[in-house]
């Protein structure tokens, strides 16, 4: 039984890889990544713009959302927590396209409008996860820490933040992956990025432009996703990983 | 640029004077997302159930689904156009629906799988004890108990898809994204905002509606 | 050492959680606060280290009002053990146990020595556990580390909130006994919350029985069992209070109070050390069908013998005296 199950899992994996390889073979055979070789300077410029937009907005969002999350989970401001969580939930139903478009409406065309839009959009998942992470810290643990004479600041740094770290990094990871996708739309508001080639491809019905833009964007998203999955593993204290495992088993 | 008050007045005017036009876009949007979700359920729930009996396949399938989820929507459209042009369907509804179905798989499969795995082992033991077959146990015991979580997965997928659907307009699939896109082309803030609000409201209504269904589908005893 | 002076706690300006509490925990005493849930015992405990505020009255700790002390500094001088989840999962065992010394700025060498010493004290191998994490330990081991952590900075006072409550009965008994041994050695002033009368009888120097925020009786365990102050106390300590109280008297207590019977050599007699409890004595008589037990002191000198009659006589005397 176990062996059959393993075999089926292996077959699924093999089919997935086969399809992936077939896709790349087909794409290379039809010269679909030609733009990357033909215009390496443009490619690097677009990629650079793409990464700049994502990183600038992401970094700014972390710098604001994490402290904000800490702030609203302090006992004094707990009462305002539902409001912030509500706004974060509601905000995520607004399509990314609209957020970009609105930023352009107020800031005009260009890279700064895109950065602002992505910044606002990535605040939400990071804020949400920071709050959820801090809320999930066991009250007994905080009680024990207080009882032993840790100050509130010490409790925050030594107990709460380390225990909320997994959740916070997961929020950053979600935000960055969404941002990479949204930055592909930044072309529409004149902010460049790899979306330029994708839209050119759609407009001209040119597969080479489409693929030379779309595949690098996809790879970028997957790489960032895996990088943060690794960070989640590397940065989170070992004891917490064990705790999680104990909880799940 | 206009003041906040003007913007609201303009918005209301826009909604009133373009009511049928917006309704048409909304209907297109609902059709696109609705069709995609139905297909996604037909594929995702059985896959989730299968995952619950084969943990090796579960990790592989969930990994693949989560990679799908990571692919940016515009890039996924961009990749599908050349592939689907092989059968002359490069632009339009088909790539949009395929993309939405792919995005829905992770929440639906994962929730189905977790829900069935979370069914109390004692309940499962009892079901085996009174002589139910695996299939009977699935239909009579596990699925009813797993229903709330499965519906929650479908809800997540739907809300997500309504947002992605707004981008599908860029590859000619129609829908509310069209209002936003036209707003961008004309640099008309009122239109952009109108489109954004319409999409957000649609997502909220869908969320509410599915919560209601979730409640109906949940056996009384399972409700908390 | 800990003096409760008219302590009152009022919630929402009218719900009285604690009413005019007056009692003193002497230095080196282990006092257990006992009572049904909602009686205010945990609230009272948490008022000592100011995790709960005091509405009226004051608690004096070593002559100093907790109300007017610096909370943080005061807490670092009080060991605190709670039922469960008190260890920090992100820190290894050594960091967990040494968190207060660390805050107090002890040097590395001193901390390491202290850790080794404390782990030996609670019966865990320091080097085996130093780098491990709470979730790698069993519940009993975690609670041992909890006790070590509370003792880390050698606080004169300890507060313990049902420390053994979440453990299974066998482990709980082990830890209670081990902890009593530690307490014999260290002589800390301990305020301990429990809902288990047997735990209280076994461990406490004095028991404070609470109900609805009021003190029902504050007395030594034997006194509470044999001389309950009112019907609530009698009911709470249980129908078998006389039996329970037997574990609190030693054979020597009986020998001091009554005249022992002469030793008659017979195959049915057994020896018993005078330091053992009367409960052991009676179960020896009942289980092994010995008619008499020959009382010996530590040197093996025979002091006489006891029979079932004599134990009965002793208990009657104790209970009559106390009513």
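By written order: A, B and C. Residues from 1 in each chain.
Here is the rule we go by: contacts are C-beta pairs under 8 Å (C-beta built on N, C-alpha and C of every residue); 3 or more make two chains touch, one makes a residue touch a chain.
In UniProt terms, the chains line up like this: A, B = Osmoprotectant transport system permease protein; C = Carnitine transport ATP-binding protein OpuCA.
Worth saying up front: this structure is predicted, and the values here are computed from it rather than measured.
If you draw each protein chain as a dot and join the dots that touch, you get a simple line with two loose ends. Highest C-beta contact pair count among chain pairs: A-B.
Comparing per-chain C-alpha centres with the mean over every protein C-alpha atom, the closest match is chain A.
Between the Cα centres of chain A and chain C there is a gap of 53 Å. Centroids built from CA atoms put chain C at 59 Å from chain B.
A separation of 19 Å divides the Cα centre of chain A from that of chain B. Across the complex, chain A is touched by residues 46, 49, 51, 71-78, 80, 82-92, 99-100, 103, 133-136, 149-150, 159 of chain C. On chain A, the positions that touch chain B within their shared complex are 5-6, 8-9, 12-13, 16, 23, 27, 32, 90, 93-99, 101-102, 104-106, 177, 180-182, 184-185, 188-189, 195, 198-199, 201-202, 205, 207, 210-211, 213-215, 217-218, 221-222, 225.
Looking at the complex, you find that chain A touches chain C at residues 138, 140-141, 143-151, 154, 158-159, 162-163, 237-240, 242-243, 245-246. By the touch rule above, chain B contacts chain A in their complex via residues 1, 54-57, 59-61, 64, 67, 70-79, 81-83, 85, 90-91, 159, 162-163, 166-167, 170-171, 177, 180-181, 183-184, 187, 189, 192-193, 195-196, 199-200, 203-204, 207.
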